[in-house]
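Have a look at these structures, which come just after this line.
In the two complexes that follow, chain A is the common piece, with chain B as its partner first and chain C second.
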Partner chain A sequence: MTRTALLVLADGRFPAGGHAHSGGAEAAVKAGRITGAQSLEAFCRGRLHTAGLVAAALAAAAAGGVDPAGLDAAADARTPSPALRATARRLGRQLMRAARATWPSDELDAVARQFPKGAHQPVVLGLTARAAGLGPADAAYCAVYESVSGPATAVVRLLSLDPFEATAVLARLAPELDRVADRAVTSASAVPAEGLDVLPAASAPLLEIGAEVHAAWPVRLFAS
Partner chain B sequence: MHLDHFPHGPAAVGADARRPDGSRRALRIGLGGPVGSGKTATVAALCRALRDRLSLAVVTNDIYTREDAEFLLREAVLPPERITAVETGACPHTAIRDDISANLEAVEDLEDEVGPLDLILVESGGDNLTATFSKGLVDAQIFVIDVAGGDDIPRKGGPGVTTADLLVVNKTDLAPHVGSDLARMAADAKAQRAELPVVFQSLRSEHGVADVAAWVRARLAAWTA
Partner chain C sequence: MGGVHATARIEARADGRGGTALPVLASDGPLALRRTRGTAAEARVVLVGAMSGPLGGDRFAVEADVGGGARLRVGSAAATIALPGQTKDDARYEVRLTVADDGELDWLPEPLISAKGSDLSVVTRVDLGAGARLVLREEQVLGRVGEEPGLLRSRLVARIAGRVVLDQELACGPGAPGGWDGPAVLAGQRAIGQLVLARPEFAERPAEARILAEHACVMPLAGPAALVTAVAPDGLRLRRVLDEALAELDIR
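Showing the complex of A and B:
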């Protein structure tokens, strides 16, 4: 592997569609739950330990070679909101396109054929890491970082929050990101012996509810 | 995995001229330009002018609503299944240039679901003078400005004005009311664009969108030749 491949994949400018999504931040801003840097940090922390952990474990398992179809079903089972499931598949499809162009691989082609409308994004993220020569820990790091960097960037646009403050939030969360990524890798490594049920299933009801409400808005800046 | 269930292989990743089944895909033309310059009105007029002879679809990239898609639906310029709205996260220029994946999906899904198509118009939400379409998304692009936005825009240039395959100066009927000098705009555009074409149009005139429609037909003839 090359360490630089990890930077390419983790770059916020990697063209995989993430720029149009707020990770639930737009709904939380409208509901008054994010009003500044402090509440952004609380929101990101909650997302990290729930959706972020689940995504990181799925990504790590996919990067480690676990069957993508099984992981995709496991992702469905961990995503109650139909709107979030649709978003995850749309982003998975977009990431798949970017991944196949960036790191061509037979394995990616096969999964693209199997899921023409997209597999869950964390599963594709793990497969992408694999195609890039990266490992489960790299995939988990990408997933946990995405789980907080997306909302932070979105809140800069939504609230005109000082971008330095938003970036400082991410830096303050870094030690927690490390711990969540470790936990995700540990559970993913247990899948071959213990099956998919060993993967975490942490849930954030407000994110799920917020996603359903947001999907019904006629006017919004972000797709989710 | 049963690969024989997927005889055409996975979808294309970029702007390949052929679809996975080997057929030629639709010509894709992008329309960009500042807010309020008349992009959606031009798209609507093009649909009316071309829909009887060509199989058409439209992708809109609104900034924060589905207004452009809904305008086209309300005007009934095409059946609803031929109009798709892409959400851009407040940044149309990102969705049409830097990260085109959502737009590529929209054009490919339209070809799968309502195709075969001859032409797909990809409209950007109103943006700034630097917003241009990626060559990975469209085959040609039209930049639409209007006389009321200031007759100095052609002189100011910028990637849209200088490099678009066609520059449209819209709302020429308003020129006397807003004090815009059409001759000066034409001279400035010529200086910025050399041989690249410029069309001055008023959709309220009888001639309407005819010049732009003729340009589109010529591009299509070259694409299918």
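Showing the complex of A and C:
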């Protein structure tokens, strides 16, 4: 693996469409649940330990060579919100396009053919890491970081929050990101022996409900 | 390692005359099952908690198995309250539900209340045949009135024809991963509820995604089932939302 490949994949400017999504922050801002740096941090922490953990475990398992179709079904079962399932597939399709251009591989081509409407983004993220010569831990780190960096960047735009404060939130969460990535890798590594049930399924009721509310808005700044 | 170990079991079978028989109705220790008056087609059972609990160290399980053509409705006489025990061990409560093709189960227990200092893990596993019908309600209330909650971990897994359509975990209370009470997860709300509805007709015509209340919505799952998720400030307001949702969705 090359460390630079990890930076390319984790870069917010990697052209995979993530910048158009707030990770539920737009709905939480509108509902008055995020009002500044402190509530942004609590939001990010909750998202990290739920959606972030699940995404990281799926990504790590895909990077480790677990069958993508099984992982995609496991992602569906862990995503009751149809709005979030649609978002995950759209982001998966966009990431797939960028990944195939960046790190061409037969495996990516095969999964793209198998899921013409897109597989869940964390599964594609894991496969992309694999194509880039990266491992399960790298994929898990990308996923946990995305799970908090998306909302933090979005809240800078939504609330005109000072970008320094938003970045400080991410830095304060760093030790927790490390722990969640570790946990994700541990459970992903147990999949070959114990099956997909061993993957975490942590959920956040307000993220799911908020996603459904947000999808019904006629006008919004972010796609999700 | 103290604690009470108990497994109660219900088996419901079509009696061949359009009704439902209960060949097995096995209470165990604190988990007492009583058959109550049902309808011509449906058998009804009430789970009576004969003592408070589960306490730390307890291992409770309730199993219901509904055969083809049988209809079973299960409720409980009162809320289940998780309390701290004498030991440092956590308490575990497992619910295992199996419904065969053409069987029907309404699983509608009273809420689970997580009292201060308690540590409970609840796992509900549902296995449904392709043509089975299910209504399952789960309500969790964090703390009695004005009380801090204990640690409550729950997992709900539903399979239809062997395929997992829902797998959800939730952890709340002191000792749960960070952010559980924050703006992404519960935002200070103290009651969380879910309804799982499974029916074969959803394969052709899925339930429509819809907002029911400020913090409640219907979500079609990736399979012939739907989930209602709601959070509310307290158990009473939660039940009102879930009752309304059930009245709208549960048309037979």
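The working rule: the second predicted complex is superposed on the first by the 224 of 224 C-alpha atoms of A that agree within 3 Å, B and C clash if a C-alpha of one lies under 4 Å from a C-alpha of the other, contacts with A are read in each partner's own complex, and residues count from 1 in each chain.
Keep in mind that, in the parts below, a contact is a pair of C-beta atoms (placed from the backbone, for glycine too) under 8 Å apart; a residue touches a chain by one contact, two chains touch by 3 or more.
These figures come from a predicted structure and were not determined experimentally.
Peer 1: After superposition on the shared chain, which partner residues are touched by A:Glu146: those of chain B (first), chain C (second), both, or neither?
Peer 2: Neither partner.
Peer 1: Who does A:Gln94 touch here: chain B (first), chain C (second), both, or neither?
Peer 2: So A:Gln94 only meets chain B here.
Peer 1: Mind working out whether A:Arg157 is in touch with chain B, chain C, both or neither, as first, second, both or neither?
Peer 2: first
Peer 1: A:Ala16 contacts which: chain B (first), chain C (second), both, neither?
Peer 2: first
Peer 1: Which partner does A:Pro116 contact after superposing on A: first (chain B), second (chain C), both, neither?
Peer 2: first
Peer 1: I'd like to know which partner A:Ala223 touches here: chain B for first, chain C for second, both or neither.
Peer 2: first
Peer 1: So which one touches more of the residues on chain A, chain B or chain C?
Peer 2: Greater contact footprint in residues on chain A: C.
Peer 1: Quick check: in the complex, which residue numbers of chain C touch chain A?
Peer 2: Touching chain A: residues 155, 157, 163-171, 177-180, 182-187, 192, 209, 211, 215-217, 219-222, 227, 229-231 of chain C.
Peer 1: Which bits of chain A are touching chain C when the two form their complex?
Peer 2: 24, 28, 33-34, 39, 42-50, 53, 73-74, 76-83, 85, 176, 196-197, 200-209, 212-213, 215-216
Peer 1: Any idea which chain B residues touch chain A in the complex?
Peer 2: Contact set of chain B toward chain A: 1, 3, 6, 9-11, 13-14, 63-66, 87-91, 94-95, 98-102, 104-105.
Peer 1: Could you pull out which chain A residues touch chain B in their complex?
Peer 2: For chain A paired with chain B, touching residues are 13, 15-22, 90, 93-95, 97-98, 100-101, 109-110, 112-114, 116, 154, 157, 218-223.
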